[in-house]
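There are two complexes below, and they share subunit A, which is joined by subunit B in the first and by subunit C in the second.
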Partner chain A sequence: MKESIKRRDFLKIVGIGSVYLVAKNIIPGGAVSTLLKITQTSPTTNSGKRWGMVIDVGACIGCRQCTYGCKEENNIPNIPAPMQWIETFEMEQNEPITRLNSVPSNQSKTSYIESPIHGKWYLPIACLHCDDPPCVKLCPTGATFKSEDGIVEMNYDKCIGCRQCMAGCPYNARSFNWGKPQIPQENVNALVPVRPIGVVEKCTFCQHRVREGLLTKCVEICPVGARHFGDLNDPNSPPSKLLETYISSALLEEMNTKPKLLYITSGKKWFEEEG
Partner chain B sequence: MENHVDKILESMENTGQAFYATIGIFGMVVLWGAYAWYTQFTVGMQATGLNNTVMWGLYIATFMFMIGVSHAGIIISTTIRVFKLDKFKPISRIAEGMTLVGLAMAVLSVVADIGRPDRILVLFFNLRIGSPLAWDLIILSLYFASSAFYLLVSMKHDISLITGRFKVRDGLYKILGGIQNVITPKDPEKYENMLNSISIVILPFPLLDSGMVVAFIFSLLGARPALNAPFIGAYFLVLAIVTGIAAIVIVSMILSRVYEWDEIISEEVIMGLGNYLRVGIILILYFIFNQHFTIQYVSKSATLVVSNMLLFGSYATLFWGMIIAGFVVPVLLLILPNRNKVGVLIASVLSILGLWINCVLVVVPALTFPNIPFNWGSYIPSWVEWSVLAGILALGVILYAVLIKLIPIVELD
Partner chain C sequence: MFSYQKNDNTNDDIHVFVTNLITSKIGKKTMFIFLLLIMVYSIGFSEVNAYPLENYVGSGTCRKCHETQFNEWNQTAHSRAFTDPVFQTQWQAQGSPDVCLPCHTTNFDETGGDYQFENIGCELCHAPRSEYNEDYTPASCDRCHSVTHYPTYTEWLESEHSHAGVGCDSCHDPMTLEILTNDPNTLCKGCHLSQDIEQVAEEHGYEGYDCLDCHMTTSLVDFESGTNGMTGHTFLPAIPSPDCGECHTVSLDAHTVWGATDENCETCHDDVYMTMLHLLNGTDVAMSESSILCEQCHNDVYYEWSLGIHADSHDATLVCIDCHEPMNPYIMMNKTLPPVTPVSVVIEKPEPFISPTYFFIAIIGALGAAIYAFTVRRK
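== the complex of A and B ==
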């Protein structure tokens, strides 16, 4: 009898102890609350804004100035391998945006040399900053999260490099640092952190610029004005006005991710206006 | 029976040159794997063949496979207790050992896959309960803990039998025996009840692991339509259980051969496992047929491309090789009227190779052809990946070999 009481006590201590350890480590980390909501708040993001972008694919000439401007602005490395947050695809004239073709005619559509070419149109894709982002739902540490102003952000210090977010992104918008990124010291933009090795990164909607009242680099640099950025909560912002005027479409709409990067075609395609 | 006990104790006592040679050879493989992993850690994941489109490869496939191996213990030891299948009793502890070693290998495969293994503590302190990876971490930890606990409790009589028999190891047995005396009741009937209760707790773990949380890592990826299917959980469960059965046949046959335990691990046991293996492989073929038939008939492009690449495209050789050599031939071997245990062993070896290739073919093609058609990728594993995996496997062999020396791997009473 004495033996069995001792045993019970031992099991009780082990049981309570382990529950305490689990609870202590998991619950104050905000695990339960982050399960319920994917949005994080902070003083800088609590501005009542909801950032969004509209790209006019009818106007885009595929020059990829946005890609290169973005690379400079955001310290995106060429070493060990070229990386880009904005990919621009060269499309055939009769190709819709979300063509789920079983055999694409041209797989390396981002490596075209000359643009614009008559009869082709161009589709730039970056992180769409979904309102219901699959990457945020999948992330085990909260390294990627949605801010109150709608930007899907990365916390590079929390990323363990499991790449679950990349597997879950329907748009292939995320890149992994397969090696240690190297950028010449004189080219580093001090406002943007240079990423460590082994973490995931992606377009930030130039959060360091837009929260200071500037436009994103890609919008600023676009030579034909195909990109429009602003607050979707403000009916007078450029993207809101365009969305009111034109029929818009989201990439892979059936995924129900509710992207804040939307596409319009304002009238004719660029080559038809010319010709 | 006395004779059996002597034989088993002899296997623990006499550590010959063959044992040290085995440890030495596999130890060198472990060192090689460690070197490869160190390379990967210093230069980054660019040492692998992975890329931004195919971001998971052999490591994750091996994780899935090793979870299957780890189910051996549950399939054998707890089911014989719950369903009273006493004929498999001689191999029950062999299987429990495989659970612990298999889980260790599974965890190592995942650690090899993540880009920042140095940040593993970040994961523990910032765990988001909404992430499938967190569910895996929790369920697999519980699985490991309860399996280890079961092994500890079930060894009570054996440990008390061997305490005092060995010189160096006796301290370990005294500690284990002390713990066992505290946590288990003295009354034999209550002790049996305790073992039965733990078995019932452990029994649903394959369903929770392979059937749910491991499958959820893949099936919750809306961006990969070939994986994002409701049947994936049931399919993974069957894959994992069959892997466990094939693995236990192989390990039992090796032990029986090395230590001449033919009388202990009888032909009847191996043939019985062969019967389950046969049913399992037929179920796998049924799942594969249904998957491809559905995709081909509906021909939705995002899944059709994956199916086409497997059936007729770049993965066809591997796929049909796996179907024929890994599944169809084993089934034929297992329905031969005059089959023997060597036949069952060959079938197990073939099917376990097929099952590992199947894990790779479930993961890789589905990632290679994502939803957006312009970002198709390709993946060829690098020497680093092969070496790290060889190292993990060799480490598993060493762990198991040491385990055999430390505990009676066949129940003594």
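== the complex of A and C ==
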């Protein structure tokens, strides 16, 4: 029979292990992971910037131009199954953002055909690039991490497809590649990798664009100008100015994820224009 | 063989009569009376009649050679101008005045107060039979159509058509009096070809209006009250300067910078040629170049658009109104794209080969039997 381990050693191991797990979940921003160099930083980061986005749900008309623009830009496949990184929900007029128990998962809310309809407002949800992301805390390999400039990034090579991040994201913002994504050659955007089978993907704040000084595709393509992207460290950037002017709300605020994608309602309400 | 019979007609009746006449078998008195009768009777056939001025023969006579034209005329109101019951009722109600007759009858004699033929015959417009010549130029329509209760000619003199040489026969067939084409809009467009008018006509046509609805207002004469008739041949619109809102129900919620009245519409649109636009300084702009109108106020968006960063700028042929509804530009005409994940389809699970319940019972039964066989019944 094997020599049984001594009691003290056992207690030391258990103690250190539990302290580590508790610290990992309490200290925000995956700092412990960074300290222990478990995760990585992206080589193309713009240090000093803190990217954020503001969406004006008063102006959103639910046209899904952002969804399709994002699909085109980021090589999001339709084969084997149609996927989207931005999902727009049709909400009733008195359904507020802050008291949502969870992100609405009812399919009837995302499968509307006509918009905008008087009496309903539209809520586009994608990865909110939280400052304290549950998905990063849950990833066993460190394939998803929070970069220096605030983007929660994905490393598709490290992803093993366990989907813990999908379970942990309270906003259901992540999608999984159940099959090998196939995109016609002429539609492939060379700046964005085409994902392999069995990895999780999500909105990347168009990191290949914003780190070169451009705007994200969804912000650019929105026909009503409901989306605003910029550096939250810069007081003159559109999201900073909007956040100063209007009351902003985070989705599921009580989860304390501190998202960087915030929602406002400015005066530009399309349904107030009628008489 | 041939019979050389002489052509002997000396015994025919006519030969006998004439021979007897010449050889005075019939008395001279008889012949004299016969001649007198002929003379008196021929007076009736002479051209002398009670209407000595012109020599009218009546439409029926013209018919003998001009059958086609007669039939055309017979369908028109001219051929019923006197006999028409509406005329008769009105005319007799006013005591059958003579003033009506120069237009409603042919060859009315002022001095005698008689007319020769009822209705407007061939000869009222064309010359009477005695002046028959190659040139059948009819008289001008104003001879009759310039009275107070039928002032077509007077109205026409007021209109631009009279200055442009557009006469009665430009639109009316002179014989059948009908409009030259069935669709009045086609007739107007025959000359009024400018794209604006055609576009306006098409736009109005969609709402069921044609040129005549605004440009030819007619009303019947009322002799009792003395209201004159209107035949609409001034071609002026009934409402000289209508309020845009009388016909167009367009709400201008977003573009009411200058108020919600006509002046607002006329900021961009011409008031007559409504599909012609103009800048604030008055420069005309065609509808296809409408983007520069928006630029006057929305110059920041225009600049972004010119740089290619406003919305989806791939298509260089797009103008502002391709996406923005011009009256309420805040409300987009964007077509909502379809949902990415289609609504889930209920998949019918096929029935299993064996019903699960029976299969379960069978398995348990077999298992139970096996256990029983190997334990209880084992020796």
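We adopt the following convention: the second predicted complex is superposed on the first by the 218 of 275 C-alpha atoms of A that agree within 3 Å, B and C clash if a C-alpha of one lies under 4 Å from a C-alpha of the other, contacts with A are read in each partner's own complex, and residues count from 1 in each chain.
We take it that a contact is a pair of C-beta atoms (placed from the backbone, for glycine too) under 8 Å apart; a residue touches a chain by one contact, two chains touch by 3 or more.
Values in this document were obtained by computation on a predicted structure and should not be read as measured data.
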item	value
Contact breadth on subunit A, by residue count: subunit C or subunit B	B
Partner chain(s) touched by A:N75 [first = subunit B, second = subunit C, both, neither]	neither
Touched partner set for A:I197, first subunit B, second subunit C, both or neither	first
First, second, both or neither for A:S111, with subunit B first and subunit C second	second
First, second, both or neither for A:T265, with subunit B first and subunit C second	neither
First (subunit B), second (subunit C), both or neither touched by A:T45	neither
Which of subunit B and subunit C A:I221 touches, first, second, both or neither	second
Which of subunit B and subunit C A:C162 touches, first, second, both or neither	first
Which of subunit B and subunit C A:P170 touches, first, second, both or neither	first
Overlap of the subunit B and subunit C footprints on subunit A, listed as residue numbers	81, 87, 107, 110
Subunit B residues touching subunit A - in the complex, by the definition given at the top	43-46, 50-53, 55-56, 113-116, 119-120, 122-134, 137, 182-186, 190, 217, 220-224, 300-302, 304-305, 308, 367, 370-376
Subunit A partner contacts - residues on subunit C that touch it in the complex	251, 253-254, 309, 311-312, 323, 328, 330-332, 334-344
Contacting residues of subunit A [partner subunit B, same complex]	3-4, 6-7, 10-11, 25-26, 29, 31-32, 34-35, 38, 80-81, 87, 89, 99-104, 107, 109-110, 125, 134, 137-143, 157-164, 166-172, 174-180, 197-200, 251-252, 255
Residues of subunit A touching subunit C in the complex	61-65, 67-69, 71, 81-84, 87, 107-108, 110-115, 220-224, 268, 270, 273-275
